[in-house]
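Structures for review follow.
You will see chain A twice below: alongside chain B first, and alongside chain C after that.
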Partner chain A sequence: MHPTSLMMTSSLIIIFVILTYPVLTTLSPRPQDPHWALSHVKTAVKLAFFVSLLPLFLFLNEGLETIITNWNWMNTATFDINISLKFDHYSVIFTPIALYVTWSILEFASWYMHADPDMNRFFKYLLIFLITMIILVTANNMFQLFIGWEGVGIMSFLLIGWWHGRADANTAALQAVLYNRIGDIGLIFFMAWVAMNLNSWEMQQMFAVAKDMDLTYPLLGLIIAATGKSAQFGLHPWLPSAMEGPTPVSALLHSSTMVVAGIFLLIRMSPLMENNQTALTTCLCLGALTTLFTATCALTQNDIKKIVAFSTSSQLGLMMVTIGLNQPQLAFLHICTHAFFKAMLFLCSGSIIHSLNDEQDIRKMGGMHRLTPFTSSCLTIGSLALTGTPFLAGFFSKDAIIEALNTSYLNAWALALTLLATSFTAVYSLRVIYFVSMGHPRFNPLSPINENNPTVINPIKRLAWGSIIAGLLITSNIIPIKTPIMSMPAVLKLAALTVTILGLLLALELATLTNKQFKPTPTLTPHHFSNMLGFFPTIIHRLTPKLNLFLGQAIASQTIDQTWLEKSGPKALTNLNLPMITTTSNIQQGLIKTYLSLFLLTLTLALLISY
Partner chain B sequence: MGAHLVRRYVTETDTEPDPAKKFEFDPQFGFDERKEREMVASQEQMNLAQLPLEQRDYCAHYLLKLMKCKRDNWPNFLACKHERHDWDYCEHQDYVMRMKEYERERRLQLRKKRIEAKAEAA
Partner chain C sequence: MASAYLTHQQKVLRLYKKSLRHLESWCIFRDKYRFYACMLRARFDENKNEKDMVKATMLLKAGEEEFWTNQHPQPYIFPDSPGGTSYERYECYKVPEWVLEHWHPSEKAMYPDYFAKREQWKKLRMQSWDKEVAQLEAETPPGGPRTEALPPARKEGDLPPLWWQFVTRPRERPT
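Right, the complex of A and B next:
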């Protein structure tokens, strides 16, 4: 075997071994070292990150991609399921990024969760999540992808419900599992269709055999799966509810890695999607709707974590729009840049929350720029990257997406919604900065604010570097697979920037309105719509169970009781027989009148018959 | 910007050509001599570079040069500005050519309409 491919495959197997080893040590009966979390888990992830840089550099230098088939698991005469790892352009770039972000989050979590008695178990859960995420990303067949898919779903459930004594956390965890399950229906439908019609779950065979087939139904199944996992409109409420989990969980799972799994699935399956206009249009419209709806909801939230969660959902909608434009590589670029600045936004929020004695309401923050200058600066950098400020990380991906949308032969409605959502991004980002960093403090002065701890500062610093240079590094090193259209009028080229600046100016104008003391404002309908999350959870979470219960009641009482017992069974027999019985008994009462009437009747009949 | 949309849907709905459909007029019409464009990169070269189908256009030779420059100069990712510019400029020229073809078709359609209107008036 060629030494380069040997190096590549070896490093990738070593990554799996390094990450799995700490989990296996927890199986031994010896009591665990109290510092196991830091000494074993964080070190393992850091080491795995540095090891993963070797395949990345080999890929960037030579374009080397490998597929390793390790084990024939379940092989029949006609169908094979193997353990098969695919290290192509997408997984080779995503793995180091996921490991880098996880390393930073684990270091932060060692401070954030230091008062938690079960910190070792928390880190173990995060590590198992990371392993299943990498299994998902490197899967070369649908079965392995499904293992990773379900694994990240289960770890999400366990981590959201970490503080399981809290009823809201349990509800949120259950909500996450249920919504993901609905998405899984789509994925299982896709897998079943593919197994029946394409006779394999290996991706290479799927792409080769499906060339001229009509793939609309399985692709719609895939889109439903992505809708569930990536919180698109219709199956989105679980993502803001997932903020019940600890902030490191929100930073890792619900911003950088798990929620992008749905989009990643669509990127992996893009060779199947690129010729099916129905699927592409569905993605485009669904993504546009999601990005605008969730950006609208983010405008009026008061919990800092919920604002960032809705921001994540909005960016996921933008990634879905990119898939709908048939640009999977741009969507992947946005996944990579988004991981950095979104994780950093969550870590800064977590630092501020802990500093203010677990206060999450932005209306009770303020003046953090003078009190925690580093954290507040990084919050600003993250927000600037999110809004697509030129030459930060978000610019390279977001602007490219909007340019592709502007220059494509497509849907004006989707374009309008996406541009509006871009301006809303600037609005709610400024809202966070205004309420958190600017102005004067609106909380009691006795809070444990300090930035002395390097376990807090270093992760945020690393992610800040990522938010600044990641976009430049990735776009400079990778040649796009689809030729970008570079020629367009200046208006289209500057559209994203213009819309963002307009949103920023609007938000500044609105912010200055809060300086004056007005009379108590009445509830405005748009504000109410946005604050109640579009009434979507209110309606769906109450209507569906109510309908189901009514249906159950109707089936139980009407179908079973009424139909079987009353209309067709015992009571029906009774009802049929009763009139006959009554009539017969009434006739045979022993009255002379009855006898005389019968006698007369018989006589009349006899006379009629004889004549 | 947007004038083409106004023309297509509002003012000149019958003459505005549809870019998705084949153009009506002969490419040689009105020209003395028009040579077909030639690919500079050969099929074999593009196969060896494993170029995706969409990138096998008339600018593929610049792309191949860019890919080679990138591979030779890694890790210096700032090294291939000139090659990148060449490829981008070639794609831009290709875009300009497509716009010119569209404009030619549009003007020929308008000319056809004018001739027909004159014939009808006469």
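Right, the complex of A and C next:
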């Protein structure tokens, strides 16, 4: 076998072995080493990251992509299900990034969760999550992807409800599961349709056979799946509620890896979506709506984690818009760059929260730039990368997306929404920095705040490097599959930058106004719309259970009790017979005249009938 | 002795405190908050010497309505308060005291002094239980208890009722 492909396949298998080994050590009956989390899990992920760089460089150097079919699992005459790993452009680049981000987050978690008695179990859950995420990303058939899909959903549930003594955490975990389940309906529908019509769940066969078929229904199923998993509008409330989990969970699952699984699915299935204009338009409009709606909600939130969660949701909407523009590679680029700066934003906020004794409200932070200069600087770098500041990581993906949107002859409404959301991104990013880093502290100086722990600083430093150079590195080394449009009017080219700067200026003006505070409360209606998340959870979370309960009551009392008892059963008999009975008993008046006339009547009738 | 009904003074003070808290949620910077808090205090002080209870109740009602329209949808809640971000977070680590009964003898042997003393405490609990129950039965009103507050020990040498649950409660912050 050629040494290059041998190196590729063996290093990829080694990654799986390295990651699964720590989980297997937990099955042994020996009492676990208290430092197992650091010594086994973090080392495994770090090692797996360095090993995964080899396939990455092989891919960058030689364009080598691999499909490894390990095991014929369930094979019938007409349908095959195998364990098959696909290491193409997308998974070869995503795996090192996911491992790098996870390594940083695990190191941070060893500080954040050090007082937790179950830290080993926490790390085990994070590792199982990582394994299922890599299974999802490297799947070559829908069945394996579904295993990974469900796996990340289950681990999300367990990790959001980590502090299960808290009622809100349990509600949030259940919410995540339910919303993801609704998305799963779409995915299962897609899988069923494909199994029936394309006769295989292997991606190569799917793409080959589906060339001239009308794929609208299965693609809509896929879009529903992505809506559930990637928190698009309609199935989005679980993502801000998922902030109940510890900050490492929010950083890993709900910003970099799990929520991009829906978008990743659409990217994988992009050969099916290329020619279906309905699916592409749905993605475009849904993404535009999501990005604007969640950016609006982020404008007035006061919990720092919720702001970053809505920011994630907004960027996911942007990725959906990119898919709608038929640019899967650009969406993938945004997934990669987004992972770095979003994870860093979460880690910085986690560091600040821990320093302030679990204070998450930005109204009670302030002046962190003097107290934790490194953390607040990295918060600023992350926010700049998020808004698409030229030449940081986010610029390469976000600006390219907006350029593609501007130069395509598609929906102008989607374009307007996306540009507005881009300006809102600048507004809420400035809001976070203004209330957290600038000004004077608004909290009590209860404990000394310092940054002298390398377990916190090194991960943030690593992710900061990633946020700065990842965009440049990836775009310099990857050959684009679709030709980007190189020439466009200067207005279109600078649109994203202009809109961001306008948003920034607006935010600075608003900050000055907040500082002066001419009246105690702002204009209430728009503020309430944004703060209460568009009233979406308020309505849906009360309306659906109410309708269900009323339906249940109607079925139980009316359909069952009323129908069988009153309309067709005993009471119906009663209602039929009662008038006749009352008439008959009313006739028995006790008067001889009545009896004689009845007798004569009956006699006449009998005589008439007999003759 | 507190009853189920609030006095007018209590209602006014509650309105004042919650409006100050919501004002704090709206006015993020302390100097601006202090300014508007002083304005609010002046508004309350204007009517504080009102003798006509009907008018006072109407003012209170108007105040409550104004509060309702101007309240903050996400008021600032301290992290450990109900509704806060770390409320009940450590409930899952709070283990009840009877778990100590189920420790293996080898584990109990690691803390001989503690478990020896614990046996004495358990004996004390058995002895005082009947007196606690008797006191509670005597002092509970016929319609059932009115509050959750437990009465103190009345006689010399007695222990307060249900003291064991209080003494062996888990720590507020187990980790």
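Throughout what follows, the second predicted complex is superposed on the first by the 585 of 611 C-alpha atoms of A that agree within 3 Å, B and C clash if a C-alpha of one lies under 4 Å from a C-alpha of the other, contacts with A are read in each partner's own complex, and residues count from 1 in each chain.
By our rule, contacts are C-beta pairs under 8 Å (C-beta built on N, C-alpha and C of every residue); 3 or more make two chains touch, one makes a residue touch a chain.
Every value quoted in this text rests on a predicted model; they were computed, and no experiment measured them.
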{"item": "Side-by-side fit of chain B and chain C on chain A, or clash", "value": "fit"}
{"item": "Contacts of A:492 with chain B and chain C, given as first, second, both or neither", "value": "first"}
{"item": "First, second, both or neither for A:479, with chain B first and chain C second", "value": "first"}
{"item": "Chain B versus chain C as contact partner of A:442, first or second or both or neither", "value": "second"}
{"item": "Which of chain B and chain C A:163 touches, first, second, both or neither", "value": "second"}
{"item": "Contact breadth on chain A, by residue count: chain C or chain B", "value": "C"}
{"item": "Touched partner set for A:76, first chain B, second chain C, both or neither", "value": "neither"}
{"item": "Three-chain overlay, vertex chain A: chain B-chain C angle, C-alpha, nearest 10 degrees", "value": "150"}
{"item": "Partner chain(s) touched by A:61 [first = chain B, second = chain C, both, neither]", "value": "first"}
{"item": "Chain B versus chain C - smallest C-alpha distance in the overlay, whole Å", "value": "43"}
{"item": "Overlap of the chain B and chain C footprints on chain A, listed as residue numbers", "value": "none"}
{"item": "Of all residues in chain C, those that touch chain A in their complex", "value": "23, 25-30, 32, 36, 69-70, 73-74, 76, 79-80, 85-94, 175"}
{"item": "Chain B-facing residues of chain A, complex", "value": "57, 60-63, 409, 473, 476-477, 479, 481-483, 485-487, 489, 491-492"}
{"item": "Parts of chain B lying in touch with chain A, wherever the complex brings them together", "value": "1, 19-20, 52, 54-55, 57, 59, 63, 66-67, 70-71, 74-75, 77-78, 88, 91-92, 95-96"}
{"item": "Footprint of chain C on chain A - complex, ascending", "value": "115-117, 163-167, 169, 301-303, 357-361, 363-364, 435, 439, 442, 514-517, 520-522, 524, 527-528, 531-532"}
